[in-house]
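Multiple structures follow.
Both of the next two complexes hold chain A, though its partner changes from chain B to chain C.
Here is the complex of A and B:
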């Protein structure tokens, strides 16, 4: 089980710095990532996998030239997002994070499948930390749309880049 | 702490898995004494997986009633809200006999303390020497 713990990183361009323009079709498994500045990561919705998401966002933020404090903030914010979702996840659910770097910031959509329609608990210390770190954070819940009676719980987060002179 | 119940099954799973794999986050703690002051040196990552071990080490050190407990987080490269909660728990357990101080040197530990304003309650120092001398 540890050998294939489902860390699926799909990026159409590992180094998206400048010059390269033409978007190649994504060849990685899973849903195709339709443009070069998006990265989707799917792991088992387990606490031990949070460090994978932290590593990914840390790397993305570093490449996107965020400053050291913002990188720390983003790693912390992503960890708080993912830990609140992991707490809600059904057994054997996946945690999926879609990261997108933009010219002026980084956004994330994270989701798990849950039996609980009430969504993430927003009265927690973790949520307060999260709200302080991100420019915007929005939870949402919708029916999974199949006959399992489960829900897709999402958290959308965005953090802008501090502009340096 | 109602969260603990719903989270119980997966954390048991995690314990079983970490026994056979070194891929998860890890934290190491050590205590040394300088007269009546204790220094708790912590290294690794403090997140929802490892925070219970961090908290255990904090409370164990406090139990020995040091005059000052310096929590040296210099070697910590990730510090989540679970770790901040542990620190708050320790802070609440201190009484007039013990003073709690923190050493934090990098963004991974300084930022969480700043963002939560915990650094207003618990003094944060840049070096262990400074924390011991304060």
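Here is the complex of A and C:
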């Protein structure tokens, strides 16, 4: 498993302390406002790995001071998103989740490579569950762009945070 | 409470336990390698078994199987027999009853956790859980970790610990013990027409699975995903904690995913 600070940054050096910094709440003093706090996690696309994703989103949501309902919903949503993608993944594929904590919410993008160009179905019970747990959820599929004939299947999800003063 | 218990047990057995006192003196003087040691120990445990059974019964109807409780109480009794020191001048029951009660109480505190969680964290989990219900009542919505921290006078990191401990919780446990009764007032039963599965394309696969769920689990799923109620609102309506609703939902969704996959296969289910 690799945890990286910043979307698309690809150091192979595991650095938990850096990701800890990335997980600081949006309200932390001295943070540049225009730099969203991001964490990227890559695991094998296997059901046994989902607890890692659940733990990461739970931690980020807690530290961003989401209310306890939203924290629990985000954990359930990540479980559901990642389970759907793992089912579509090619053998030995990775599951990548990019989490972004923003001032007014948390968004995540999860992706796997798949042989199937149709992506996750949106009429299912599972999608109904996701729609209830998040403010918005959207699937997308694009060609992997190499000669493997595979596709990158993604689910984007966002949940807003209500700030109570 | 404990002395009343000793008295009760003693009366119950017509003071016969006092006749066993010389055996403790003898046990103390016998080497553990001596066959007589095992013989005395067995006799003392067997003769005092009604005390353990009596205490186990006092903790029944709290969500733990009676046979488990009797076993735990018996373990407490064996510990008491092994550790009792007749030289101290207290009678065995005054020593044994609190020891056995302690063992049973520990059982209740410990069995709720799927992994070993330090007692400090278990207690933090409970205080965070009860703060959530108090604050939900006051605020009319779910509180955030910072609000819980303020309410309890602890740091946010301590709140995080309490919230995360929930993930190590086994579901039939202390939480249910504190907030559930055997008869949950479920009000109107959830009927077929309430499920609004009309636009769900794999509804034919889902329907029988929902019917297989326990009444409470089905109700929670329907309220959360088909009536858009929050976990806090559901918790209040059903009379359990928000953290408990959260665990039940998580477990139920995992079960549904698993069954959908094994019953109908991913091809027909999600394709």
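Please note the rule applied: the second predicted complex is superposed on the first by the 129 of 165 C-alpha atoms of A that agree within 3 Å, B and C clash if a C-alpha of one lies under 4 Å from a C-alpha of the other, contacts with A are read in each partner's own complex, and residues count from 1 in each chain.
Following the convention adopted for this analysis, contacts are C-beta pairs under 8 Å (C-beta built on N, C-alpha and C of every residue); 3 or more make two chains touch, one makes a residue touch a chain.
No experiment lies behind these values; they were computed from the predicted model shown.
Chemist: With both structures lined up on chain A, is it a clash or a fit for chain B and chain C?
Modeler: Aligned on chain A, chain B and chain C clash with each other.
Chemist: If you stack the two complexes on chain A, which partner ends up touching A:91: first (chain B), second (chain C), both, or neither?
Modeler: first
Chemist: Just to be sure I read the superposition right, which of the two partners does A:83 touch: chain B = first, chain C = second, or both, or neither?
Modeler: Touch partners of A:83: chain B and chain C.
Chemist: Determine, under the contact definition given at the top, whether A:75 touches first (chain B), second (chain C), both, or neither.
Modeler: both
Chemist: Would you check which partner chain A:66 touches, where first means chain B only, second means chain C only, and both and neither mean what they say?
Modeler: A:66: touches chain C, not chain B.
Chemist: Is A:118 contacted by the first partner chain B, the second partner chain C, both or neither?
Modeler: A:118 contacts chain C only, not chain B.
Chemist: With the two structures laid over each other on chain A, which partner does A:126 touch: chain B (first), chain C (second), both, or neither?
Modeler: both
Chemist: Which of the two partners, first being chain B and second being chain C, lies in contact with A:139: first, second, both, or neither?
Modeler: neither
Chemist: Where does A:105 make contact in the superposed view: on chain B (first), on chain C (second), on both, or on neither?
Modeler: neither
Chemist: Let me check the overlay on chain A: which residues of chain A are in contact with chain B and also with chain C?
Modeler: Touching chain B and chain C on chain A: residues 68-69, 71-73, 75-76, 79-80, 83, 87-88, 121, 124-126, 128-129, 132.
Chemist: Report the residues of chain A in contact with chain C in the complex, numbered from low to high.
Modeler: Touching chain C: residues 55, 58-59, 62-63, 65-73, 75-76, 79-80, 83-84, 87-88, 118, 120-121, 123-126, 128-129, 132, 164 of chain A.
Chemist: So in the complex, the part of chain B that touches chain A is made up of which residues?
Modeler: 3, 6-7, 9-11, 13-14, 17-18, 20-21, 23-25, 45, 47-49, 78-82, 84-85, 106-108, 110-112, 115-116
Chemist: Please give the residue numbers of chain C that touch chain A in the complex, ascending.
Modeler: 132, 139, 141-148, 159-160, 163-164, 167, 197, 199-203, 206, 224-225, 228, 230-232, 242-243, 246, 249-250, 253-254, 256-257, 260-261, 266, 269-271
Chemist: Taking the touch rule as given, give the residues of chain A at its contact with chain B in the complex, in rising order.
Modeler: Its residues touching chain B are 1-2, 5, 46-48, 50-51, 54, 68-69, 71-73, 75-76, 79-80, 83, 86-89, 91, 121, 124-126, 128-130, 132-133.
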